[in-house]
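Scroll down for the structure; my scribbles are underneath it.
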Amino acid sequence: MRLDVIFRVAVKIMVPFILMFALYVQFHGDFGPGGGFQAGVIAAAMVILYAIIFGLETAKRLVPPRLVEMMIPLGVLIYAGVGVACMLMGGNYLDYSVLAHDPAHGQEYGILLVETGVLITVAGTMTAIFYALAGRGR
Amino acid sequence: MFVFTDIIAHYNQWVTVFLMVAGLYIVVARGNMVKKLVGLSLFQTSVYLLYISAGKILGGTPPIIEAGREVYSNPLPHVLILTAIVVGVATLALGLALVVRINEAFGTIEEDEIFAEDAE
Amino acid sequence: MVLLTLMAIITIGVVRVRSLFAVVILGGIYSFLMASVMIVLDAVDVAMTEASVGAGISTVLMLGALYLTKTEEAAPTHTPFVPLFVAAGTAAALIYATVDLPSFGLADNPIHTHVAPRYLDYSVEETGVPNVVTSVLASYRGFDTLGEATVIFTAGIGVLLLLKGRRRIKPGPKRRRIRR
Amino acid sequence: MIASQLPALQVVIPLLGAAVAALTRRSAIAWGIALAVSWTMPLISGALLLQVLTSGPITYSLGGWNPPWGIEYRIDLLNGFVLVLVSLIGAVIIPYARASVEQEIPQGRGAWFYTMYLLCLCGLLGIAITADAFNAFVFLEVSSLSTYVLIALGRDRRALLAAYQYLILGTIGATFYVIGVGLLYTMTGTLNLADIAGRLSEVENARPVLAALAFLTVGISLKLALFPLHVWLPNAYAYAPSAATAFLAATATKVAVYLLIRFFFTVFGVIFVFKTLPVSPIFLALSLAAMFGASIVAVFQNDVKRMLAYSSVAQIGYITLGIALANQDGLTGGIVHLFNHAITKGALFLVMGAVLFRTGSVKLEDLAGLAKRMPISMGAFVVAGLSIIGTPGTAGFISKWYLALGALERGDWWLVFLLVGSSVISIIYIGRVVEATWFRPAGKLASGAREPPRSMLIPALILVAATVYFGFDTTLTVGVAEKAAAALLEGIR
């Protein structure tokens, strides 16, 4: 990567905003378009952008591949785990209503949790795939 | 019985069909593996239109409940297609990974060349 | 309608053009147009996803893969009769089907009267979520979404299995350091 | 309380197992997890089938939402049977996988191999158990994606090519399936299979419904490798790692067949599919083409795994023949053959995997005289081979017997001759292997071989024993299949 000051500074400034936007998309998904998947893609896009400008090595120091690879199963585990929790609390699988006293609240918690699971898996996977492709070299 | 209005009414459907079939054609006809994958994702993407256009209600709004709105388009196809998009990109990623490995193993991504090499 | 026409033109471009870079970029444009169509059809969530996935991630992955492989497509050597036949057969079946589909956009089509109204009517009450797409996605059909996350998980681990590791042709010094 | 949650656990346990196995990243631990998970599965599916047999179909609403709003799991005799089959095969192969994975999969990636295996198991069980058309698609993709990866892990570089071709065709198939489901959904407004079936009667014969049937049939047929759409299968089975080949050959196509039966009989209805439309003659012709065409190709193969793969295409022809007959005995034969072929072919591929493990080759010329060095394995091959041929006293005979009965019931005595004729061809290709291994002097590779380790031998022998056992005691296989067929055909009487 060439030393392109403008890009570097611009990206440095943008990164926290992209991350915030991802979180906004994640948590505003209840009211507007968006949700875990879209947020995950945006978060992964941030890492990709960072890697393009600052180089793969820097990005990998910031977001280590080991962590990314752990995120992939972790998200699924959270999602499936929420289902099991529902089961243990006496409901059917993924019946979030039992998670709180008020069924509607339980649903809200459940949706939030599983969307977080999706976010983690998607962000992890997309970053991991990018690392795998980019790190392969010609 | 094809009057002009009929053509207008069916235009969208026909274009959708054209998009799908063109994607399928690329997949079957082309020997280049990356291009095949592009065709495959065009094919998948155009299928989304089939679902989403079925879910539209004329005069409706996006299915986000708000006071003062009455007609919402059908949310279920949107959900299904969200899932389908995810499946599509997952398939694409895996396909590309395979293509990269094939290129390393065979030195080409043209099916014809690989078959020719194998035949020897 | 205009958008769809543009998409058709792009598709023809994808069929004809032989530079794979151009094809991938055209694919990205196609996805953006598709996202616009989705907005017109009230599917805002889908539009957002299609824009970020189809035009974003897919394009990046494609370009990454092209970087690792080749960027020119060889000239087609076969006669295109069989593919044309397959395509024509599919087209015939689709057109045959679409002629009799319920008319576009009417509120009393079966798709709008049977299952969907319940989501629209009760989503806020039952799940407290006004975006019905979210509530259907995560709760009513939550298991589909678990499956979707599983698909992503499968693809992620699959790509790692295929691309990460030692069976590389030229092991660069850079990669060594990163593993473990 | 646990009992009522079994349907969800059937799919969720492999999923959780896969996620945990991916987290550990140690091959040995992942294998332990896979072992625990895959041995739990038959217990669950067995309990479910027992429950169905005693008290009728089980339904389970995921997320607590009633169908058609939520996703429903529904287990009746047919898919209870399929669940038992898939989970049993999954359980038998895991102990075998350990040694073969250590040899075939590069170090450090074993854990991910088991992750893929469990995901594939999860996907297949998910397709079999669900009563929701779109949910079936999602799990179809889970199983397909993991299958592509499993195939690509084969040692030969052509495994990559096979995986790629399967990916392309499999995705086309899945997309066709989505189009079909989309058309059905547009016409009925629902995705629950039973609900679709109920509402279809109002719009039957409408063009979109016919087109939906066509798209679903083609899409699923691609997955089950029905005759002209089988091109992906031989390469995929020939080059995949041994454990994966045995697992896929025994289960993946079978689950697709199940899905086809489900759509034909439960969703569209017997009368509509088999009386109104010419589905039966088309399937009959394709099945016969598979039985003969693929068998003849199998005779000329020199790679034994490839030969067995072509034989699989032929045997799938028998199963679809049972579907095409669409009468009590024929359908029973088809469903029984689903099971019998799965255990038989599983056994054959396991034996070949053991041969590959010891000699590094499955080429016919390299196997000459192998029986002297590996008498137990090759003996197992002979017994399972007899079952493919359909010799009385093996499981293969039972299913062919019912197919023949079904053909006679329709008055198609010529079909019986064709069944026998196709079996004769299978004598030739199985015979070639037996001749080479038992009656030829040992070649260079064979003379250095010995019996595989016990962890590989015993699973193969279990399956071989099963092919013999189910050739005599048919209460489980035929008993369940008969009732399932009767239930499926209810509409016709």
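For reference, chains read A, B, C and D in written order, and residue numbers begin at 1 within each chain.
The rule is short, and it goes like this: a residue touches a chain if its C-beta (ideal position, glycine included) is under 8 Å from a C-beta of that chain, and two chains touch if they have at least 3 such contacts.
Every value quoted in this text rests on a predicted model; they were computed, and no experiment measured them.
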| item | value |
| --- | --- |
| Of A-C and B-D, whichever chain pair has more C-beta contact pairs | A-C |
| Chain separated most widely from subunit C, comparing mean CA positions | D |
| Inter-chain centre distance, subunit A versus subunit C - centres from mean C-alpha coordinates, in Å | 20 |
| Whole-Å gap separating subunit B and subunit D, where each centre is the average of the chain's CA atoms | 29 |
| Inter-centroid spacing, subunit B versus subunit A (mean Cα positions, whole Å) | 25 |
| Subunit B and subunit C: spacing of chain centres that average the CA atoms, whole Å | 6 |
| Two or more partner chains touched - positions in subunit A | 31-33, 37, 72-73, 76, 80, 83, 93-94, 96, 129, 132-133, 136 |
| Contacts with two or more other chains, residues of subunit D listed in rising order | 15, 18-19, 22, 62-63, 65, 115, 134, 138, 141, 145, 148-149, 152, 179, 183, 185-186, 191 |
| Contacts with two or more other chains, residues of subunit B listed in rising order | 20, 24, 54, 62, 64, 76-77, 80, 82-83, 86-87, 90-91, 93-94, 96-101 |
| Topology of the chain contact graph, where touching chains are joined (line, ring, star, complete, other) | complete |
| Subunit C contact footprint on subunit D (complex, rising order) | 15, 18-19, 22, 62-63, 65, 68-71, 106, 108-109, 112-113, 115-116, 119, 122-123, 126, 134-135, 138-139, 141-142, 145-146, 148-149, 152-153, 179, 183, 185-191, 199, 203, 206-208, 210-212, 214-215 |
| Partner subunit B, residues of subunit A touching it in the complex | 31-33, 37, 129, 132-133, 136 |
| Parts of subunit C lying in touch with subunit B, wherever the complex brings them together | 1, 4-5, 7-8, 11-12, 14-15, 20, 23-24, 27, 30-31, 34, 37-38, 41-46, 49-50, 53-54, 57-58, 61-62, 64-66, 68-70, 73-74, 76-78, 80, 82-84, 86-88, 90-91, 94-95, 98-99, 101-107, 109, 111-112, 115-116, 119-120, 123-124, 130-133, 136-137, 141, 144-145, 147-148, 151-152, 154-156, 158-159, 162-163, 168-169 |
| Of all residues in subunit D, those that touch subunit B in their complex | 134, 137-138, 141, 145, 148-149, 152, 157-158, 160-161, 163-164, 167-168, 171-172, 174-175, 178-179, 182-183, 185-186, 191 |
| Subunit B residues touching subunit C - in the complex, by the definition given at the top | 9-26, 28-32, 34-35, 37-39, 41-42, 45, 48-49, 52-58, 60-66, 71-83, 85-94, 96-101, 103-104, 108-110, 112-113 |
